[in-house]
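Two complexes, one shared chain (subunit A), two partners (subunit B, subunit C).
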Partner chain A sequence: MGKTLFEKIWESHIVVVEKQNNPSLIYIDRHLVHEVTSPQAFEGLRMNNRKVRRPDLTIATMDHNVPTTDRSLPILDQTSSSSVQIKTLEKNCKDFGIKLFDINSPNQGIVHVIGPQLGITLPGSTIVCGDSHTSTHGAFGALALGIGTSDVEHVLASQTMWLEKPKPFEIRVEGKRKNPHAVTAKDIILSIIKNIGTGGGTGTVIEYRGEGIADLSMEQRMTICNMSIEAGARAGLIAPDEKTFDYLRDREYTPKNYESLVDSWRDDLKTDSDAKFEKEFTLHIDDIAPQVSWGTNPGMTCNVTDSIPSPGEFSNGDENQKRGAEKALEYMALEPGTLVEDIKIDRVFIGSCTNARLEDLIEASKVIRGQKISSHVQAMVVPGSQMVKKQAEEMGLDKIFIDANFEWREAGCSMCLGMNPDILSPGERCASTSNRNFEGRQGAGGQTHLVSPVMAAAAAIHGHFVDVRKMDLS
Partner chain B sequence: MDSFKKITSIVTPLDKVNVDTDQIVPKQFLKLVQKSGFGKFLFFNWRYDEQENEKSDFVLNDTKYKNSQILVAGDNFGCGSSREHAVWALLDYGFAVIIAPSFADIFFSNCFKNGVLPIALEQKIVEKLLQETGAIEVDLENQIIKTPSGDISFEIDSYQKKVLLEGLDDISITFQYEDKILDFEKQSKIPSVL
Partner chain C sequence: MKGNVIKYARDNIDTDVIIPGTYLKIHDYAELATHAMEGLDPDFHSKVKEGDFILSGKNFGCGSSREHAPIALSHSGIKAVLALSFARIFYRNSVDGAFLLPIEIKQDTYDGISDSDEIEIDVSKNEIKNITKNQTYKMKPFSEIIGKIIAAGGLFKYKPDQD
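What follows is the complex of A and B.
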């Protein structure tokens, strides 16, 4: 019987063979490190007199809690815990010989944006990071896993980790979007999560396949794979094609023998036609609408043209889901039956490892160009990396956003998780291009609606959600 | 890591589905550089109001559960972020066992690395446990939960069971395979980053 792409990558990375019901020891090709989930791991190494086995396969940056305001100024409070974490990472990287893109580096940015941008992410490789959105790198045909701090320590010490083999899950995306500027990769992945649920992918590695995936650019594919974790999956991946190989060619850290690697990837990195998946789901995208989340997990999502569902409609008879939806509506201060387009917003956040790449900013700028944001809205753009920021500025995108009264910030995770000063105040409602609408995620009491960059941009202009299919975005 | 002993305690019922790690420990508390001291932040936004007074309607603030070591919750417990701080907070607060119909993968794996036992049981059984007011005993060795209304058996991966019972450090286990790691590295085609 044939094998899936995931199984091929898995098998080529086994160090100690799986025994029945036991995890296997898997080799890790790339380890990305950031300031929030690594301090305790380095501390563990020190306590046990261990070193980093392969500093040459390890790269660090600071993204989660860095300020996104003027970097020429010092962090306001040098004794603050954010500042301590940043200094701790600097010291750990120095002590253990790890390459660090620090706050002043032109390569600094969200780990999942800089990995591909620098050519560190490679097809067929295994990649880990102490961050659940590591699944992003799966867009390049890598097996990319988010891990906890104990595993960060384990990988630092041994370049391997113990893992039970997940099950392969095929998600086919079929058809063509009528308006690909208005209906985006974000709308595809939100539609998938809406259908399979936030636990729908638990215990699996999703392979996204079909015409609807092949049509996407690399940056759009990253948006899809990024949110695999929001469906509960261990990872999500897409078989590499010429778009993949082109994207990684001639980057700063692209391997010297890249073309010979590409030759082998072309032959090896695909699912065999007779391979079997343990689970399957198909989404037809010909007629899907822009999506807006209304609740407190990404599965609680509807079309922009819908009205807010009642807990009964949402739960389909499941009592637990119904209570979850009641709680969510109470937290979000929304009434069932309200049209999504009538929901007024206070804040707009364009950023995060889901949607802060150059293409996202280009698409959003088309909505903004020559307009001003609504007088009651405060809006910000936080590019995913310093490199994205620079490229956008070379194209003049910063001016378009600034002229429209957006704030144009430095790179980082920012208001996606609000570990730095960029947070919502209680009761503020935000159209956000990020990945999680959990209670308090963007600030205690803040209300998050997940949308695409064009939907967020349009909401900023109008002060409420609008169906971007009605706009000219070409 | 300490070895896992039999636990006897009343259960703390947290009757919610999709409890995410942002709720277990909100992000403003992820800035410590050590593993201890996260218990006071556990379920912070559910436990405290804006003035940081205890909310009387939240289960952890009910004094009868003060010394409980077993948390029972709804489906998909621990979803969201990979932050191990969630497990550190549960452990530091005093929970050694989490029971739910299902767990998110990364959270589930993080539990074992810290000596916390996550047990997945059928929805119906979990619903009964949510109502259980007497003490129950969790016996990992025999994979049995003893309750006033009868015994419940549970499944666990044999490797994870051994790790918990013996309090093993999995990095030391891995170092026993040094030869195999070296062999793998010799044939690996993926080049260094630098």
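What follows is the complex of A and C.
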């Protein structure tokens, strides 16, 4: 029987098979490190007199709690806990010989944005990072896993980790979107999670396949794979094709023997035609609408043209789902039956590892060019990396956003997870291009609606959600 | 292990409500624990006792990879979380750092145990006994490797060749 792409990568990285088809010790090709989930791991190494086994395969940056305001100024409170985490990472990287893109580096940015941009993310490789959205790198045909701090320490010390083999899950995306500027990769992945649920992918590695995936650019594929974790999957990946190989060619860290690698990837990195997946789901995208989340997990999502469902409608008779929806509506201060287009917003956040790459900013800028944001809205753009920021500025996008009264910030995770000062106040309602609408995620009492960059930009202009298919986005 | 249950009768308890992002900068675990479950249940810290268990629905611990989540629960006194299913990163973090036991339960266990019931967990027999209601349930057994890591006392004490 044939093998899936995931199984091929898995088998080529086994160091020790614990038991056939059971947990194995897996070799890790790339380890990405950031300031929040690494301090205790380095401390553990020190306490046990261990070294980093492969500093050359380990790369660090600071993204989660860095300020997104002017970096020529010092961080005001040098004793603040954020400042301490940043300084701790600098010291750890120096002590253990790890390459660090620090706060002033032109390569600094969200770890999942800079990996691909620098050519560090490679097809067929295993990648881990102490961050759940590591699944992003799967867009390049890598097996990319989010891990916790204990495993970070284990990988630092051994370049391996123990892993139970996940099951392969095929998600087919079929058809063609009628308006690909208005119905985006974000709308595809939110539609998938709406259908399979936030636990639909638990214990699996998703492979996204089909015409609807092949049509996507690399940056759009990253948006899809990024949110695999929101469906509970261990990872998500897409078989590499010529778009993948072109994207990674001539990057700063692209390997010297790249073309010969590409030759072998072309042959090896695909799912065999007779391979078997343990689970399957198909989404037809010809007629899908732009999506807006209304609740407190990414599965609580509906079409922009819908009204807010009642807990009964949402839950299909499942008591826990119903209670969850009731709590969500209470937290979100929304009434069933309200039209999504009538929901007024206070804040707009265009950013995060889901949607803060150059294409996202280009698409959003088309909506706001020559316009001003609504007088009751406060809006910000936080580019995914300093490189994205620079490229956008070379195209004049910063001016379009600033002229529309958006704030134009420095790169980082920012308001996606509310670790730095970029947070919502209680009761503030935000159209956000990030990945999680959990209670309090963007600040205690903040109400998050997950949307695409185009929808976020349109909501900023109109002050409420609109059907962006009716706008001229060409 | 014997203790009382704090039941959250809902699915999808995420790591952002277990420990909100703003507290990920705290390195003192005792202080971290004072914010455990703050996003969902502001009374948690005042009511939790050493040796208590949490009982919840599907997909417990979904979201972020922050190990601060099982750490905050563990340092609040929670010895095990019983749930219909777990998000995998939370599950591994709980076991790898030997913070708490993530125990997968079946629907009858979930329905049978009420908030504040006293229960006793016997991992060697895969059994959960409800002392308050005098009922016994079977827990789903740990997989081989998870059982070994738990028995060793965490990932760094586990040696593959020890058996």
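One rule holds in what follows: the second predicted complex is superposed on the first by the 470 of 474 C-alpha atoms of A that agree within 3 Å, B and C clash if a C-alpha of one lies under 4 Å from a C-alpha of the other, contacts with A are read in each partner's own complex, and residues count from 1 in each chain.
Rule of thumb we're sticking to: a residue touches a chain if its C-beta (ideal position, glycine included) is under 8 Å from a C-beta of that chain, and two chains touch if they have at least 3 such contacts.
The shown structure was predicted, so the numbers you read here are calculated from the model rather than taken from an experiment.
Partners subunit B and subunit C clash in the overlay (superposition on subunit A).
In the superposition on chain A, contact is made by A:E18 with subunit C only, not with subunit B.
In the superposed model, A:T198 lies in contact with both subunit B and subunit C.
When the shared chain is aligned, subunit B comes close enough to touch A:N257, but subunit C does not. In the superposition on chain A, no contact is made by A:N303 with either subunit B or subunit C.
Of the two partner chains, neither subunit B nor subunit C is touched by A:Q391.
Touch criterion not met for A:N179: it reaches neither subunit B nor subunit C. Of the two partner chains placed around the shared chain by superposition, subunit B and subunit C are both touched by A:G232. When the two structures are aligned on the shared chain, A:S217 is found in touch with neither subunit B nor subunit C. By the touch criterion stated above, A:N405 is placed in contact with neither subunit B nor subunit C. Between subunit B and subunit C, B touches the greater number of residues of subunit A. Overlap of the subunit B and subunit C interfaces on subunit A comprises residues 16, 22-23, 25, 36-37, 39-40, 48, 64-65, 81-82, 84-85, 130-132, 146-151, 153-154, 162, 164, 166, 198-199, 202-203, 229, 232, 234, 297, 320-321, 323-324, 327, 417-419, 436, 438-441, 444. The residues of subunit C lying in touch with subunit A in their complex are 9-12, 14, 16-17, 20-22, 24-27, 39-40, 57-59, 62-67, 85, 87-89, 92-93, 96-97, 143-146, 149, 154-156, 158, 160.
By the touch criterion stated above, subunit A contacts subunit C in their complex at residues 16, 18-19, 22-23, 25, 36-37, 39-40, 44, 48, 64-65, 80-82, 84-85, 130-132, 134, 146-151, 153-154, 162, 164, 166, 198-199, 202-203, 229, 232, 234, 297, 299, 320-321, 323-324, 327, 417-419, 423, 436, 438-441, 443-444. Residue ranges of subunit B in contact with subunit A, taken from their complex: 16-18, 20, 22-23, 26-28, 30-35, 45, 50, 74-76, 79-85, 87, 102, 104-106, 109-110, 113-114, 157-159, 170-171, 174-175, 177, 180-181, 184-185, 188-194. Interface residues of subunit A, counted against subunit B in their complex, comprise 15-16, 21-23, 25, 27, 29-30, 36-37, 39-40, 43, 48, 50, 54, 56-59, 64-65, 81-82, 84-85, 88, 99, 120, 122, 124-125, 130-132, 146-151, 153-154, 157-160, 162, 164, 166, 198-199, 202-203, 229, 232, 234, 253, 255-257, 261, 264, 297, 320-321, 323-324, 327, 417-419, 426, 436, 438-441, 444-445.
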